[in-house]
Amino acid sequence: MLTAENTKKWMDSFYRKIEENKDYLSELDTPIGDGDHGNNMMRGMDGVKNSLAQLQDPDLKTVLKAIAMGLISKVGGASGPLYGTAFLEMAKKCSETQKVNELLSVALAGIKKRGGATEGDKTMVDVWSPVAQSNAITPKIIDDAIASTKDMQARKGRASYLGERSIGHLDPGAVSSGYLFTALLETEGTL
Amino acid sequence: MKKIINEPQHVVSEMVDGLVRSYPQYLEKIPDTEAMVRSDKDSMTGKVGIVSGGGSGHEPSHAGFVGKGMLSAAVAGQVFTSPTPDQIYAAIKAADHGKGVFLVIKNYSGDVMNFDMAKDLAELDDIKVKSIIVDDDIAVENSLYTQGRRGVAGTVLMHKLVGAAADQGATLEEIEQLAQSALANIKTIAVALSAATVPEVGKPGFTLADDEIEYGVGIHSEPGYRREKIKTSKKLVTELLEKIEKNQPLKSDHQYAVLVNGMGATPLMEQYIFSHDLLDQLEDRQIKPVFMKVGNYMTSIEMAGVSLTIFDLVDNKWLEYLNYPVETIAW
Amino acid sequence: MKKIINEPQHVVSEMVDGLVRSYPQYLEKIPDTEAMVRSDKDSMTGKVGIVSGGGSGHEPSHAGFVGKGMLSAAVAGQVFTSPTPDQIYAAIKAADHGKGVFLVIKNYSGDVMNFDMAKDLAELDDIKVKSIIVDDDIAVENSLYTQGRRGVAGTVLMHKLVGAAADQGATLEEIEQLAQSALANIKTIAVALSAATVPEVGKPGFTLADDEIEYGVGIHSEPGYRREKIKTSKKLVTELLEKIEKNQPLKSDHQYAVLVNGMGATPLMEQYIFSHDLLDQLEDRQIKPVFMKVGNYMTSIEMAGVSLTIFDLVDNKWLEYLNYPVETIAW
Amino acid sequence: MLTAENTKKWMDSFYRKIEENKDYLSELDTPIGDGDHGNNMMRGMDGVKNSLAQLQDPDLKTVLKAIAMGLISKVGGASGPLYGTAFLEMAKKCSETQKVNELLSVALAGIKKRGGATEGDKTMVDVWSPVAQSNAITPKIIDDAIASTKDMQARKGRASYLGERSIGHLDPGAVSSGYLFTALLETEGTL
């Protein structure tokens, strides 16, 4: 169950993972993208941190919306509207349910709609989809999902310009999504 | 990395400030954004607004084309990164004068999604918004199963067309129609001699050997379709022209507009030599362009290279739009 | 050397051909020369002709400034080498419409002597010729015992002034007077990050380490006054502004025109950031320029760097001349 | 005594020396100039060769004028108008006298007038002047004159921008002038 409190903790943990892996994410984005995914996510999470810091006693919906707006208004790259849309959709749904898997399902639907990608296109969808569909998220589900993008040929995003040459590299957005779900796993009280 | 900058993370805000302060007669900054709107507000009254933008690093695009007869506003994202929806939305609001706003978007997933979200925001405010997604770069084979072709220098010609039409009082629907029919006739292809360095990254997006070039590179160091040893200007023209021809036959009874675009670090001397060879090879096909421009219009920071855009002027009106007078920094 | 060219010894003729063929509405080639004259002949009738020129490699100078309201003709020498008297003479003849011709010459011994011989030839034909020798580069200490200061980017502002005056019907004597009084108030200083490569030479005119810059470099790779490690844009501005101030005090009750000029390979992004810092530091002196331009106007092939020109508008008329509308490729 | 015939031979010989030393002259022009003196002189001498080839049975005046025009219309650099003026002045004078030293004197005066340089300014004048003033040109006079420019500080031409840093280098125009006079020495019947 998501609450305002544990969602903030989740974001603290995600922030630290992005901070630690900023250079790695940008490196992953270099052979098959434009080398900025780490910088983009860091800028976004700085935005999230600032938005959240300004809230006093917020409810869950306010927290989720602030996360969305922080990402949307700071990232700019493809990942911004995608992550942003995910949290926006969760914010819309959270008055109805606070169950993690139900919220992740609407988030996934939002990402798919915004970006037009589907499973197998070598994008973050390939991590969001198995995670959202599992009844119990495990490190293995996350890691397998990330690893599955390696052998895919990209059909969306910048990596798609490379055609077959995109095969053999992990998708950077899949890796950052992995951090998001690992952070979620580690946040007491969310699952 | 050797650049005339201060802190890499501040290049965009300092650049935008430098631009609006250097050219207050053309540009005004929209408060709390990196978006810029035409200073000459009167020239927008009663007309459809035209908004463009994208990542920074393509100067003089896009703000250099803001002004009477061309863009109403432009939004500058981080270097090689789409601007965010809130900023685009601010530009839409500033450009709207009751007749709606037309967005010129380059086909990158980041740009498309961010502009899309901005459109959603504007529509909530009852601003009518339509858009064109420019995908003139023929380097990438088009396919339903990819992001599709990228938007590059042809975007500048698109700005000119829709800007002229808006200034002449065209409706939002007419402008959308114009943009769509023109887009199908605009093809661009580039060759790079060296790559750009994003200030925050600090190293070039790719490396080419001292005698190597790459065909089909995008404006953010996206990979092209072939690397080989540097060739003469004549042979580069042949390669690029044949690539264009495969996508759009060049016919002696058609009228063409041509844009030879420097990528940033390539001197005009080389661009003029390239143009000379281009005009020779078009002449071999009994073609003499009726409109031509040579210079740095859609750059990729300090990348060396040129792109060639050929615009088949199927509709007579288009040439008129290209020649329509404007007041901008860079057209 | 990685350039988009064919044979190095043909760069100038191919460039000139490329230029006139790309822009026939502005330029016409004078047969058997590398000189170009305004296509719009009517705009020259009854007016003093203005002729400029110099070595090639400074594009868009000088042909980019040929057109109504600015230059009548321009002569392109070999790269970084003065044009020859016969070519200059051909340009003078093409520019003369009975009211005499005014020459804008940059202060290099080659240019001065070649233009001088052309003047002799023209006077034999009873064409009245006067001239100004532009020496705005303050990098070199002036002295009676040297060639004196070089002519650099300030020349572009000189073109604008005398071109506007000529278009408004000024006499040859009035133009000479205008040029002389303006010249005393135009000061330029540059900083280079890398050098240019003359195609026929094949290697850069000098080399700077990866983290080195040089202040005071000329537009043909002439040595400057100091090398040091690269600094922030703010500090570069401080250095150049103080150097200018030593030559010409900056006063809060004066009006100034400013030209920030890219040397060829420096992207506009950096030029705008430099401009931002410049405007800050001028503001510290309570100065806000009344006229400003930022871009590549007097380049040095693919040299990276910028020059800063400050023009003290002692006479009110000068601002009017700067703002006077022109029809050229590059102003 | 200059004649149309030996002057043409003189130019043939000068042409070959320039051709052989083109790179060396440009190299000399690199530390204290713009590295093009060899190219400039080669372009000029190609011009001279062409002009001369078009003449049928010319007299001395026509030959000297053709040399001047070849140089003037092809070089462009500082050396063009200077060498050109020198031969133009000789052409003007040669109806009166064909004596080499008298002709070189008017040539020197022309160079000085055109360029405003005087002895000691580290230019070609520092070779033309001692040669023109000597009653019998010798290799030693030429070589000493060239060598004398090494320790001078340039006060005219591009090298003057260097101030004291111009000291320690030979002047390229002095060296090419040296070739001119060596060629003259070697041309039978001129002296």
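Note that the chains take the letters A, B, C and D in the order they are written out, and that residue 1 is the start of every chain.
As a convention for this text, contacts are C-beta pairs under 8 Å (C-beta built on N, C-alpha and C of every residue); 3 or more make two chains touch, one makes a residue touch a chain.
Every value quoted in this text rests on a predicted model; they were computed, and no experiment measured them.
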Treating chain B as absent and keeping all other coordinates fixed, how do the remaining chains group by touch? A | C, D
Co-neighbours of chain B and chain C resolve to none
Separation of chain A from chain D, taking each centre as the mean of its C-alpha atoms, in whole Å: 76
Based only on mean CA positions, could you tell me how far chain A sits from chain B in angstrom? 31
Separation of chain A from chain C, taking each centre as the mean of its C-alpha atoms, in whole Å: 54
Touching two or more other chains, which residues of chain B qualify? none
Shared-contact residues (touching 2 or more other chains) in chain A: none
Is the chain-to-chain touch network here best called a line, a ring, a star, complete, or other? line
Write out all the pairs of touching chains, ordered by chain label. A-B, B-C, C-D
Can you list the chain A residues touching chain B in their complex? 26, 34-36, 39-40, 43, 72-82, 84-85, 114-115, 154-158, 160-163, 165
Per the touch rule, the chain C residues reaching chain B in their complex are 2-6, 11, 14-19, 21-23, 56-57, 59-60, 64, 79, 193-194, 210-211, 213, 230, 232-234, 236, 260, 264-277, 279, 292-296, 299, 301-302, 304, 306, 330
Complex interface listing, chain C residues touching chain D: 55, 77-78, 80-87, 108-110, 113-114, 116-117, 140-141, 145-147, 150, 198, 200-201, 205, 218, 220-223
